[in-house]
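Per-chain numbering from 1; labels A, B, C, D, E and F assigned in written order.
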Amino acid sequence: MPRLFIEQLTTPGQNIEGVFLVAEKDLRTTKKGAFFISAKLRDRTGELPAVMWDATQALFAAIPQGGYALVKGRLGEYGGGFQITIEAMRPAKENEVRLEDFLAVGPGDPQEQLARLKALLDTVQRPALRALMAAVWADEALMRDFTRAPAAEKLHHAYLGGLLEHTLGVVQNADAMLKRYPKLDRDLLLVGAFWHDLGKTRELAYAQSFGYTDAGKLVGHLVQGVIMLDEKIAAVRAAGTDFPEELACVLRHLVLAHHGTHEFGSPKLPMTAEAFTLNHIDNLDAKLHAFFRDVAADGDPVRRWTGFNKMFGGSLYKGLEEPAEEDEKDDDLKGGL
Amino acid sequence: MPRLFIEQLTTPGQNIEGVFLVAEKDLRTTKKGAFFISAKLRDRTGELPAVMWDATQALFAAIPQGGYALVKGRLGEYGGGFQITIEAMRPAKENEVRLEDFLAVGPGDPQEQLARLKALLDTVQRPALRALMAAVWADEALMRDFTRAPAAEKLHHAYLGGLLEHTLGVVQNADAMLKRYPKLDRDLLLVGAFWHDLGKTRELAYAQSFGYTDAGKLVGHLVQGVIMLDEKIAAVRAAGTDFPEELACVLRHLVLAHHGTHEFGSPKLPMTAEAFTLNHIDNLDAKLHAFFRDVAADGDPVRRWTGFNKMFGGSLYKGLEEPAEEDEKDDDLKGGL
Amino acid sequence: MPRLFIEQLTTPGQNIEGVFLVAEKDLRTTKKGAFFISAKLRDRTGELPAVMWDATQALFAAIPQGGYALVKGRLGEYGGGFQITIEAMRPAKENEVRLEDFLAVGPGDPQEQLARLKALLDTVQRPALRALMAAVWADEALMRDFTRAPAAEKLHHAYLGGLLEHTLGVVQNADAMLKRYPKLDRDLLLVGAFWHDLGKTRELAYAQSFGYTDAGKLVGHLVQGVIMLDEKIAAVRAAGTDFPEELACVLRHLVLAHHGTHEFGSPKLPMTAEAFTLNHIDNLDAKLHAFFRDVAADGDPVRRWTGFNKMFGGSLYKGLEEPAEEDEKDDDLKGGL
Amino acid sequence: MPRLFIEQLTTPGQNIEGVFLVAEKDLRTTKKGAFFISAKLRDRTGELPAVMWDATQALFAAIPQGGYALVKGRLGEYGGGFQITIEAMRPAKENEVRLEDFLAVGPGDPQEQLARLKALLDTVQRPALRALMAAVWADEALMRDFTRAPAAEKLHHAYLGGLLEHTLGVVQNADAMLKRYPKLDRDLLLVGAFWHDLGKTRELAYAQSFGYTDAGKLVGHLVQGVIMLDEKIAAVRAAGTDFPEELACVLRHLVLAHHGTHEFGSPKLPMTAEAFTLNHIDNLDAKLHAFFRDVAADGDPVRRWTGFNKMFGGSLYKGLEEPAEEDEKDDDLKGGL
Amino acid sequence: MPRLFIEQLTTPGQNIEGVFLVAEKDLRTTKKGAFFISAKLRDRTGELPAVMWDATQALFAAIPQGGYALVKGRLGEYGGGFQITIEAMRPAKENEVRLEDFLAVGPGDPQEQLARLKALLDTVQRPALRALMAAVWADEALMRDFTRAPAAEKLHHAYLGGLLEHTLGVVQNADAMLKRYPKLDRDLLLVGAFWHDLGKTRELAYAQSFGYTDAGKLVGHLVQGVIMLDEKIAAVRAAGTDFPEELACVLRHLVLAHHGTHEFGSPKLPMTAEAFTLNHIDNLDAKLHAFFRDVAADGDPVRRWTGFNKMFGGSLYKGLEEPAEEDEKDDDLKGGL
Amino acid sequence: MPRLFIEQLTTPGQNIEGVFLVAEKDLRTTKKGAFFISAKLRDRTGELPAVMWDATQALFAAIPQGGYALVKGRLGEYGGGFQITIEAMRPAKENEVRLEDFLAVGPGDPQEQLARLKALLDTVQRPALRALMAAVWADEALMRDFTRAPAAEKLHHAYLGGLLEHTLGVVQNADAMLKRYPKLDRDLLLVGAFWHDLGKTRELAYAQSFGYTDAGKLVGHLVQGVIMLDEKIAAVRAAGTDFPEELACVLRHLVLAHHGTHEFGSPKLPMTAEAFTLNHIDNLDAKLHAFFRDVAADGDPVRRWTGFNKMFGGSLYKGLEEPAEEDEKDDDLKGGL
């Protein structure tokens, strides 16, 4: 039986068997003192409340909150909506979970994006930086993370592959600005644009749902990126390539200063032309992505404005619409008043 | 006799005859009760103190502070430096003043820059906007101001022709970003980029030195730009071209929101994708100009950092220097210790 | 049959026929696949949910969200409250809608308030400003808007006629302060006080419910007020009256600076004594109105404080109550414990 | 010999004998090892450097810095300006010092201002408040301080009598606003306006020059005002008048909240209508006083703007000037170029 | 019958008789026009909705909102939960109310804490301060309040006895820092630490539930603490002990500046070493208390982080856990998938 | 000849031979076109202007600005003060420079302080952290830096040995607070306190004068400290000791969050109890050091307040002075007025 997604659960009585993410779970007691589990089950397409009667404390403890469970049950109704009645449930095994059933996936082709990214970075000239990038491309574990990670939990590019897509976007912006401002140091801006969010591979968890790792909360992706940079520089040096300390400092600065202000978590303000540029072209790529996403998400075809948007501090204007042929108004309405 | 500039006044006794900007003037009294004028005379190359003995109150009143005077005198010395002893002085006539002797002039060729700007704006499609731009190009007085005005009193592009140069820079940035983000509305972003600082033609005074006009201080270039936009839209409409009110509002918004935050004087936050983009690409062009200018202005060939820079909130890093051949150290120094 | 207002709908089964504002509308599908409309209907006295079975997509599309519909139906009950069952519905025609059935109306008499306002403005002396005000009073469309518009969507004087009432209040405050500080320029402060919120006639929509227009969101009432000022000045000049440009700038400044700080959306800080004064007397009139309204709205006769008030950042103190005769306490309560 | 003020010391050799404020003093050693005193002497009209040769450490210690000294000497010259050569000097006795020779004095008549203030406060109705004010007027020491103190060290009304003048101004503003907003509690607003800066009698030192007392720096005039209020309330209660505790709290609030925001040092935000009003009318009186003072202090008859003004954050606009007859330009200037 | 607490009300039909806090009350009308009271009853263990049919307006008025009522009734059910049906109700008499049934009580022994506090304060040396503290300890009403009051409504030590516990904590911190920094003035820091929150005895209401008094909202505990200090100093002086005014000012400063910044409500910034220290050690004690409380309150044994914590601006990290023996995982789950 | 320090140069004509720090240097041209060097020479005791006639461009280039030069010359006078006339000058060799002649040295004994620090850190329990600290103590180069570095360029402990002194102070504060709050994790707080400023060994330059290194300006001591931590953790792991990644993250957090807010450059806010505590006890040690230093530096024995202090935002109160015997006033002053 092919998996039914939550958006396909529309007929009370449907049989359900499949893996769901247990978004919430709660052990409760009936008035007669029996335990039951109240939960929320989620997949990529939505979320439904669920209830399992005759539960035990042991079962409850075994089900991982924020983790996956194999669920068998039936669709019921409660309180004016649907609810899954769970008949049996156990933690899912790793090979039973298909990540793409649960997490949003970006629109692009990661391998094609990676190839474009490499082509741009391949224009870097300094031997030390070429060695650094070669070490990056050769690190398979890092490449696997880099091509899968989202760029953010929610703010922008919040889907599998989002980090790669956003990084490519910023590197392309860098390339465009380098053509405009030839005094910018091409090597530094390109490598800085590549590295600016690399720490997110360790800041963000995306095995089950998008969230922050301990390292993300305690250290953050800026400093995490510097730590990864230092690891790779150490490897490059260990392999015999000279990597000047000043160059290392300037790269660290690019990563640390890319949020632009202390207020947004940068421990250093941009004090190189490339760091200043990186702050702007990163912000532009992230915010335009979010702008167009939020405008597209607003379903109302009549209103020219979205609702209040927290990131931008107001309603977003959806854009000028060209005058179209006026639809014929249908005056002949039911009810004939 | 060709004009001697202040930087050429190096030999006491030199005769001086020419137009100077009277940067300061002060009527004072000698111990014996006679009036004398103490002044500062300025041209493009510098400034010198000056004194005129046996002055009258009428002469003092006639000399325009912050204006031009024809001065005849001789170079003297006072208090360890040079000083001009004025023998005769009167207000300069308009045709005696060559503006380029007094104000910094930008490096570019205005006509060539204007041609490139027009070419980019010529890709605009909507008939209303084409008519608007045609009205702009046809307005000779505006074009004269637009090609002469500085972009700022001090912050960036602070020289004759600076507004045109900066505007072209922002429009070119817009063109580059339009290639990157095809969902942006090309018409709006290009016209908005053109218009964003147009109010500076009325905000800034640049007939004698750079400063703010009354309109600049009371109204500011954002609202001044909207006023100028409305004047041109009225003209376009009067000429029979339909100019939708919503389009006018969206353009006004681009001008008003281009400083990005209330704190920087925008009465509206950017709420269209084009306004958000304009804020970033304008800031990038202005700040990179200032960055490279301030780095270039720092004469010290040894230090890698400028002094404290108010605009960026710290010392600017001048950039990575490639390792060069070490100069032979000269140990054979005078004094032979 | 006289119109029944929503607050009069208290008996299930009541017949309903009248115009309502469609505050929300939603097209849904029954389990059997039939369309039905779920809506919220509103008039000045309240709002009720409504449902229309057997709806069509065409009917749904024809009903204007945020607009008026002529509704025929019956009062029913659902989920513990009342609900209107719509039997027939069509968009209302303009002449069927009585605005005062839907929008709050201020307590004052607009014509009387307008007369007092004119009397105060008539003390203005400069011919240019007298011509300006004459042009204002003569503009019937503007006067219609000015006497009907609210002063804000929610913050203060949020009812039909509120703009006029608030404007009169600020002009009266100006008059009081002019007596206190004779160095203030009477002409400027009075005209500035009159004009400070005039842009709200175009910023706020109040045909159906109070909200912001596109111009309101994109341009705002400060700059909108300047645009309207420039239109009128152009008319005055066209009619042959000299209107000095500096005077125009000073008036624009009064309008632009009246919010007092960048943070509150003024693109310019008050730099004239009149602009500084206007900022304070405007704020005083608006906030005291809101203070007394919110205190009056707090129904609890015992507590001396309202709940948390966002505008003032705390609970409002209702005022000192004079000691009154203590009510006899009734100890003889039901239940007789 | 009548006292010569510093502005009258214009001829080297003039004999000097009189009391001066010793603004600075420094004990130095000549190259030969003798002590000499370098000092700055000040009176109401200015300040001059002074030197006393052959000084002793004992004399130096005896002269009060920031205090008054009786000085005998002669006017000399040094470093391009005047300097007083002190021949003899000792601390001045209290009866030798005329305060008005050293401190700026306000323009008004204190007794007349006090009478107007009392007349306004006499409209207060509640017996407790009438008793409070009676206790104030009866406190001769307080009244002496209140009529002499400045309202600020520098910001506004910074002269003897300034506190009274400013207090009267705020009370008059209160009276004007009470006519405008009858819901305001007259008693509270008048007494609050009277009391708002009363703590400045203890915050500011004005025996010799204007400065802050220890209490001013450690406690501040807001809390000092509350302390004085509590002293007087205690006295009123001790005299048998009932003074409700809630009334006391509301008055304390008026004093504590009158700066309007935490940022400006108020420990409480205004949460009564009277406190909100008091904040605005106080600010208006103080700032308008400073505005007109700073505009008047700008001597340049040509410029329409003052220099940068820290309090207002920009240059102040001096006001619109009516077109006047153009002065005949004198072209016949000396020098005859 | 021993009192049943709300957490013990679990069986519909249970008889209820006891004192409850009336958290909310509302007089409503049935469809037939009869009055009924809808209320929320609360004790230390929780809150339940309640309804009383056949109520009268007089009864409703007599029941104190936020006060205590003696209630007789029965446990019923409504809307999926429990509800108390009130059969009879009257205001409780003071001797019927046991405060500890309604308010949280701190973990410590007040008398033991007070003894430790006195021992530390007894090391103070200056006679004036010893007299001040003696007057404090001798004030029985103050001691009763001081040992019962909470330290805050919600933020930290929000239980009966919390003020004493927190004060002792800050005084102990002071003692520890005095050992570290011998230049600190022991007398001042200890007395300042004792007095810093003393005003909370009048700021906070804790007779029924924790909240702010009128004095708390209008004046605040900083200024209230100064008022109490001045009362006691007056008493000390009246008793013949010399209390220098400068010492009084320095103590007032300690109380007023202990919040550290204007933003947090201090009218003065700390300008003595002791005031600066007090700000830090107070903050440390309050925040660490809140940190450990909030970590302890997070029931989830798996997550290492609490939810978002407003006081700290993020999730709190619960601390490093030492590696423990892994629990045996129970794979034998119900449902046997 | 023993070295003459600048404070010993008091007699024109004194011969000078010794090493000086060249604080500034400038190559200038006499009116006749000859080069001369204008410089400022500095040692620990002060700074004097210097001039060297007949200089060459080669010599000028060879002299290191901000570096040391061996100078031979004579004390002269110029413009009312002393000036060194340089007869010969060359860069100093490393073994000719005694650092303590040029830089302020802290009051403590580094070895004794280090021993106390080690003793406190030796109470750490977790094996991983004991191994980490052992690696620190064994790193001779690091220990040399750590015991010599200042704690800041100017703000506090700005002398050789200052970093060690401040670190010991913070660790002692940690020890004191651990006794007060046993729920704090002793291991984490002690190691965090030790490590919090360790990055300053690389952030600050102190070979010649105190300043920031490139790494200091580009990366900062917070992230530099994390980099050093990661280096040492890598070494510990390489040596076979297990070092859990979560422990590493928590330590990194302690270092990164110790400035407490984004505003002060922390990329992460404190989210562990130890990080929150560290922020406060670090701030306390640094600011109290600065407070007592600045109070001690104020020479005026009369005033109770220092001048405006930027760090604290006001004048500092020097502390309460006990009443002393009044000095006999000497009325018998010179001049006998």
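In this section, a residue touches a chain if its C-beta (ideal position, glycine included) is under 8 Å from a C-beta of that chain, and two chains touch if they have at least 3 such contacts.
Here the structure is a predicted model, which means the values were calculated and not measured.
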item	value
Other chains in touch with both subunit C and subunit E	A, D
Set of chains adjacent to subunit A and to subunit C	B, E
Candidate from A-C, A-B or E-F with the same interface as C-E, over half of contact pairs in common	A-C
Most distant chain from subunit E by Cα centroid	B
Whole-Å separation of chain centres (CA-atom averages), subunit B against subunit C	45
Distance between the centres, which are taken as Cα means, of subunit F and subunit C, whole angstrom	62
Multi-partner residues of subunit E (at least 2 other chains)	214, 217-218, 246, 250, 253, 271-272, 314-315, 317
Chains grouped in pairs wherever the two touch, ordered by label	A-B, A-C, A-E, A-F, B-C, B-D, B-F, C-D, C-E, D-E, D-F, E-F
Residues of subunit D that touch subunit E when the two form their complex	214-215, 217-220, 222-223, 226-227, 230, 245-246, 249-250, 252-253, 256, 262-268, 271-272
List of subunit E residues in touch with subunit A within their complex	302, 304-305, 314-315, 317, 329-331, 333-337
Touching residues on subunit B, where the partner in the complex is subunit D	54-56, 58-59, 61-62, 65, 70, 72, 87-90, 214, 217-218
Sites on subunit D touched by subunit C in the complex	169, 172-173, 176-177, 179-181, 183-185, 188, 244, 246-247, 250, 253, 269-273, 276-277, 280-281, 283-284, 287-288, 291-292, 295, 312-317, 319-320, 323
